[in-house]
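Written out below as structure tokens is the structure these notes cover.
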Amino acid sequence: MNDIVTLGESMVVFDPSSTGPLRHVSEFKKHMAGAESNVAIGLARLGHRAGWLSRVGDDEFGRYITGTLKSEGIDVSRVIADAGASTGVMFKERRNNRLMNVYYYRSNSAASRLCSEDVDKEWIRASRMLHVTGITPALSDSCHAAVCQAIRYAREAGVPVSFDLNLRLKLWDADKACETLLALIPECTYFLPGYSEGRLLTGIASIEDMARYFHRMGPEAVVIKDGKKGAYLYDRDGGRWIEACRVEEVADPIGAGDAFAAGFLSGVLKGQSHAEAVMLGNVLGSYAVTIKGDWEGLPDLTELECLYPVEDTVR
Amino acid sequence: MNDIVTLGESMVVFDPSSTGPLRHVSEFKKHMAGAESNVAIGLARLGHRAGWLSRVGDDEFGRYITGTLKSEGIDVSRVIADAGASTGVMFKERRNNRLMNVYYYRSNSAASRLCSEDVDKEWIRASRMLHVTGITPALSDSCHAAVCQAIRYAREAGVPVSFDLNLRLKLWDADKACETLLALIPECTYFLPGYSEGRLLTGIASIEDMARYFHRMGPEAVVIKDGKKGAYLYDRDGGRWIEACRVEEVADPIGAGDAFAAGFLSGVLKGQSHAEAVMLGNVLGSYAVTIKGDWEGLPDLTELECLYPVEDTVR
Amino acid sequence: MNDIVTLGESMVVFDPSSTGPLRHVSEFKKHMAGAESNVAIGLARLGHRAGWLSRVGDDEFGRYITGTLKSEGIDVSRVIADAGASTGVMFKERRNNRLMNVYYYRSNSAASRLCSEDVDKEWIRASRMLHVTGITPALSDSCHAAVCQAIRYAREAGVPVSFDLNLRLKLWDADKACETLLALIPECTYFLPGYSEGRLLTGIASIEDMARYFHRMGPEAVVIKDGKKGAYLYDRDGGRWIEACRVEEVADPIGAGDAFAAGFLSGVLKGQSHAEAVMLGNVLGSYAVTIKGDWEGLPDLTELECLYPVEDTVR
Amino acid sequence: MNDIVTLGESMVVFDPSSTGPLRHVSEFKKHMAGAESNVAIGLARLGHRAGWLSRVGDDEFGRYITGTLKSEGIDVSRVIADAGASTGVMFKERRNNRLMNVYYYRSNSAASRLCSEDVDKEWIRASRMLHVTGITPALSDSCHAAVCQAIRYAREAGVPVSFDLNLRLKLWDADKACETLLALIPECTYFLPGYSEGRLLTGIASIEDMARYFHRMGPEAVVIKDGKKGAYLYDRDGGRWIEACRVEEVADPIGAGDAFAAGFLSGVLKGQSHAEAVMLGNVLGSYAVTIKGDWEGLPDLTELECLYPVEDTVR
Amino acid sequence: MNDIVTLGESMVVFDPSSTGPLRHVSEFKKHMAGAESNVAIGLARLGHRAGWLSRVGDDEFGRYITGTLKSEGIDVSRVIADAGASTGVMFKERRNNRLMNVYYYRSNSAASRLCSEDVDKEWIRASRMLHVTGITPALSDSCHAAVCQAIRYAREAGVPVSFDLNLRLKLWDADKACETLLALIPECTYFLPGYSEGRLLTGIASIEDMARYFHRMGPEAVVIKDGKKGAYLYDRDGGRWIEACRVEEVADPIGAGDAFAAGFLSGVLKGQSHAEAVMLGNVLGSYAVTIKGDWEGLPDLTELECLYPVEDTVR
Amino acid sequence: MNDIVTLGESMVVFDPSSTGPLRHVSEFKKHMAGAESNVAIGLARLGHRAGWLSRVGDDEFGRYITGTLKSEGIDVSRVIADAGASTGVMFKERRNNRLMNVYYYRSNSAASRLCSEDVDKEWIRASRMLHVTGITPALSDSCHAAVCQAIRYAREAGVPVSFDLNLRLKLWDADKACETLLALIPECTYFLPGYSEGRLLTGIASIEDMARYFHRMGPEAVVIKDGKKGAYLYDRDGGRWIEACRVEEVADPIGAGDAFAAGFLSGVLKGQSHAEAVMLGNVLGSYAVTIKGDWEGLPDLTELECLYPVEDTVR
């Protein structure tokens, strides 16, 4: 039995050895990338049992993804090696320390063929939490259906659902994205949008109004992440800010949202209050931006103790 | 005006820094690969003006391919940067020094969208030779049409056509491949199959019979490459073997056929006899297997003089 | 339930990026090394469930070893992370393509603290085979005791025991080594020495005599590996040679014995005759020397089909 | 016909893989360096046709420079491969993030043999702009003569001349440098000194006085670059500051002046006012310091749109 | 005759090529590390004759350490290559730009076997200064005895003794450490603790009180280093602060204390006043944090001139 | 006092990380190269005290050469750091595994300014052997004079002179080379030409005749190296072949002649007969071709024992 299960696409990402246009880059390092698998790893490092469901190609890149997750202790027993499609890959391009481009080779990837039939009802029912993101429904209709199916199984079994918005306008049409993702909010227990994407989704500029709006749609708790300012929590006790931790030097902003989700969900799974869980999310999110790589440097329990601020930071 | 023009797909190839399954490889080097561009570079290094026509993505990988060919002096004025598709990429996997796998991400690549309209009639008519391979028709119907269009323009203008068979059964159905490629043979002036692929195409085991069979289909000269044995030439003077050069240590067999084509066509363009041209093809082919990389180490005119055997090797 | 379980030390090995004395080498690559874990991986790739038991340090190198084995599908549920000692490491030195030195930092390593109490009786009883090597008893008295305990549990439960001699005179005194290892032979079902180490152990020069001698000590089958000549099998049907496969180019001889053991034991587990199993051992052993790395390139079932010789090679 | 042509030396530069004294550095990366070729590349990326004239050795390093410029679309038809001398090389040494040394191997380089006879009159007359720097006259007397010849041809044909001061006291005697470079100012249309080198040249501390002084010598417009403060423009409309863009993090200050020149000249070539052109120079200069490498990361037209500040920054 | 001699352990350190947990790092670079050898190199670069005494393994890592010190001009004539033990090694782990772990493989290293008999009386008597640190007594009892022996020889011959506290609680018990190290203070001429470790040793929070306390124990001069604040000097003229130099960007804080010691001792050896010597210590210490590596980038005399602040910074 | 002293140029050599034309190579590794320093290192590793005299630039590359030799135990006390010239550098280019080009940047190098005044008379007189090569006289007239001066000092003091021909026609005119080098033969005690260069020098095809011819010119012993065949020794006992050792796989032929010289001279210094010394030369020469790098892998005394053939190979 897992504490949390999630589903989505993980890709092989090729990171350039030097900055500048890719035509001048001669070497690349292979890594793994995937919002949902990042969250699963983050939770596993904090001592939770986490499972990840997806399709990968029946190829070396697929075996790399599955093996990496296994080595981090993730339950990959429901991952399907699909002989009919390739594992998705992407190339990063760093123009300077702030500008980054991405080149995808993921259309028709194995993960985009994930479908409702792939979702194991019992596996979800036996978990204490389901986590989904707004990326998966963007990949294909069958992926969208798989997410809906997973949520349905979870709700039927009383398993709480966490939903990280992750609005990626590069992957699909804005109108369709908004319509699809808005429809998922009432289904989830914990809704974790970023402020900017929340504004795109709703047109609401005030974070307090936005939080109230989302909360009325159904989630038990809404947590809007707003970078250096911290996160705005809205639940039955109303709304309040939870301050972010101070970060001295940002090494890599990518993966901060996933780390936040892992921290928040760890808190929830441990029975913390929403505010305490958001604080834990802040700790992980602010640590994540000091490390390179999307997930490699996420803290384990021992490290977490060194990171956790002693002072109460709720206001 | 070019001495030779050619068309086809070039891809960005990622070469692993170590042998073994790709899941254990952490670094890759970027290179360029493409049968037709290899031939163009080989000819340019021998002092000929060569042009290459294709589509690449309007992306950094496309600019890499175009820029690399420019830096080697190839006329890329007819290359189209296609904003609607990506440049194809592939990953090599070396299990040991002899076994190699290839993972393609080229379906729906920019080059697969090459079509007859892309073929510049005047550019072909103004060239002294057209070179095509059996890879391009395998990529898509529009690619097949583009090859046919290029051949038509060439023949109308009396421009001789060179055709390197390059039967790639991974890319298409065997029956369709044979039908399509057999139909191209009567259109070409110089036909350059390998022995094994020729046998697959015709079912004829005897290299002499095969050469006669191909010659009757129309080409002025047929040259069947047979590895260490050398090449079998069949033209109006009948058939004869042209011995290969001795190679002490094979570093990388890939690119030998393209180097052979470059050498043979260079001889033809310089007005050599068919036998002399095949000898030059042998020199380049046997040199190519001693160098790493598909084309980077192809010889220029100065190096060629050191390589060329003084003795007459025709028998 | 595992098909096979094994126990021993795996270390982190640092491979120099260039040949020559280590004082001139500036870069090293991290890998994993361990005779028993090599066998476990080899068997897992051939479709068997394999388990590995050991101690590793409660440190990053220990997590690297455990994670790598997990990612290869090995059951590491009985591995102990020992906070009181470090994971062993070693450095390779390649003077030229044939001479290699090794520098160990393994004395008092976590694995050397393995003891009989660490051996899970039920885990061994539930397996179909136990595999041990002569390296483990050399590491410490408690390691020796652990090997004996494992064998005892296996024999009590009727689980066959495979014993790969692996006489390492660098690790212990020759007299003690011989005495200790000779005492293990009667306990095993399958005994897999190399010819040279067998000669050191027994003083017998004739491979036939040596095999008969070992067989009389108790094992059901004795297989003496003799490099290019192949292996000499001695069982109830007497002794006979099983020819090795031809190897065109040796890339790295290390790991051949472990690959042989994996192949042989796979055959046995699949119910093949001893001779057939030795043939499978030969196939894996000869393939292993063509790949770099101790285990990374071991074949999976798909690759094995390409490697397996069709002809009967028993004589 | 080119929009702009330039002449000067480009070298192969070897960049250390780590900081510290070169005796401890074991790896170097090969790049290309040259003030004038940087400007040509910057302009080509912004859509202009640019040509570069020089001598390189008839060696691989010369072919590297010529090929790299070809791949960036520069007209190198007038470059001479000089069999009598080597292409210049240099080694960088980075003591820490701020201190850099340079070791030149360029005396008697091929480029130092550039002479007036190498300057193609028609090629210059057919261009819309000539760009020169104060580095070239420092290399040799014949290089000085070549620069003068190029300016003479340009002026005869009414082609405007841009002159970037680039006072390099390491390369020649200060007195001779000042005398020589001062003599060039009256010949140029656009004069682009830095503030510090301008002060060295004139002894004038006030940037306003300095600009007026230079303007009286003849140039139509004088632009004095002053780092973070921006640039001071002096033309028939008098003098005024054009503010620099804000830079958050400097990655590599080298190449900023060349990028500024490329931006300014692009503006001029597009018919912008001097002030607008200086603004464009500022945009490129401030972007250049955020990227590593002298020219590899210069923006193309698409990127420029993202960089260009919308607000009017002239005051 | 040496200007200064020192003794202690130097290890081979393996530096990860990327940040993150070591289990994800695949490449390491070999370096040398050792507090006392750092000081010796720092002094040799400033023109002093320096000697270093230790044991290294009779292995390639030992030869690497000895050879590196020889190449930096250190007198290693008293170094013993010990065939009975290995040279110590350590692995660095960088979690992000601020958090670093270290994994030691140094217990029972060759250097830990250093003993009083290894200390050459005449070599020490012929030197103008002896430098020791608090690390060496932590390594073993025989190491502690060697340090005491060296100090005894020095004092007998009137050779001043410098003592850098270097309290490393990872290496030994805090009580034993404090007792042992406190006993050494009366023996030394120059005592160079850091503020934090001084506080741990004495429990005194006020730097002024602490300095007075240490001075009363016997040393001629006490210099307490306090990072960005500078150093607090206490000698017969009482106590005063010597300001640190401003550092714009810290690249690597490791090695700053050793650089300070080298600078201070160079000043003393050149006959400077204590205050001047501390200023020189500050210059080297603040420069050291701008360079990567523990010692590779330490300045030589030429560089020092560029670094030295002209203004008097004593207050 | 040294057992042997030598003089000549050592350069910093940049080795490409991949094969192919240098324009496609992006990374280079720094090494040290020099025939005479190779011999000095070879002898030092075999336990002899060796000294090397030269000029290097007063730059990091010079410090690299001097430091490297120091770390190998060579006496570099007579090396001059020349502030007026740079240390010579060279780039290797490997077209394939057999073809290599070299690009020199050594004209006017510091070493080419070596002159007779640099040669320390007492240092040479105090040595037991002087070793020179035919490279040094090719570098400049002053270098030639320095070699002559060194030989004169040696002969006056009765110090035997070893002369390795090393005819490098790339560095000077063939006629001048022959005249100059022939004039040195009568001055030397041991003359060590290769067969091919000996033939170029004398026009004599028979190795026996050539040896006799050289011997009549004055040397006590002439040893003509002839690759796989071994070496032909001619001394007062007449001429005879000394067989080479068998080499299974050549990794890098460069440095074999220097290794031979080191082995031969070691034998002579140890008082072996000429024939025994040639055998030792053969052992080192044949080992040297199995290692990469010119000198890094030369054996020390321990390794030599493993390499030395037990059987008598003189015939």
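For the reader, a short list of remarks on this structure follows.
Labels A, B, C, D, E and F are assigned to the chains in the order they are written; within every chain, residues are numbered from 1.
We adopt the following convention: a residue touches a chain if its C-beta (ideal position, glycine included) is under 8 Å from a C-beta of that chain, and two chains touch if they have at least 3 such contacts.
Quick caveat: nothing in here was measured; it's all calculated off a predicted structure.
With steps allowed only between chains in touch, the distance from subunit A over to subunit E comes to 1. Any chain that touches subunit C and also touches subunit D is listed here: A, B, E, F.
Looking at A-C alongside D-F, one finds more C-beta pairs in contact between the chains of D-F. A rotation of 180 degrees, rounded to a multiple of 5, brings the CA atoms of subunit B into register with those of subunit D. Separating the centre of subunit C from that of subunit F, both taken as means of CA atoms, is a distance of 47 Å.
Taking the mean of the C-alpha atoms as each chain's centre, subunit E and subunit F sit 42 Å apart.
Centroid to centroid, with C-alpha atoms defining each point, subunit B and subunit E lie 64 Å apart. The set of subunit D residues that touch two or more partner chains comprises 21, 26, 67. Across the interface of their complex, subunit A is touched by residues 14, 21-23, 25-30, 59-61, 63-64, 67, 86, 89, 93, 103, 105, 107-108 of subunit B. By the touch criterion given at the top, residues 18-21, 24, 95-98 of subunit B touch subunit C in their complex. Interface residues of subunit E, counted against subunit D in their complex, comprise 248-249, 251, 287, 290-293, 296-297, 303. On the subunit B side of its complex with subunit D, the touching residues are 66-68, 70-73.
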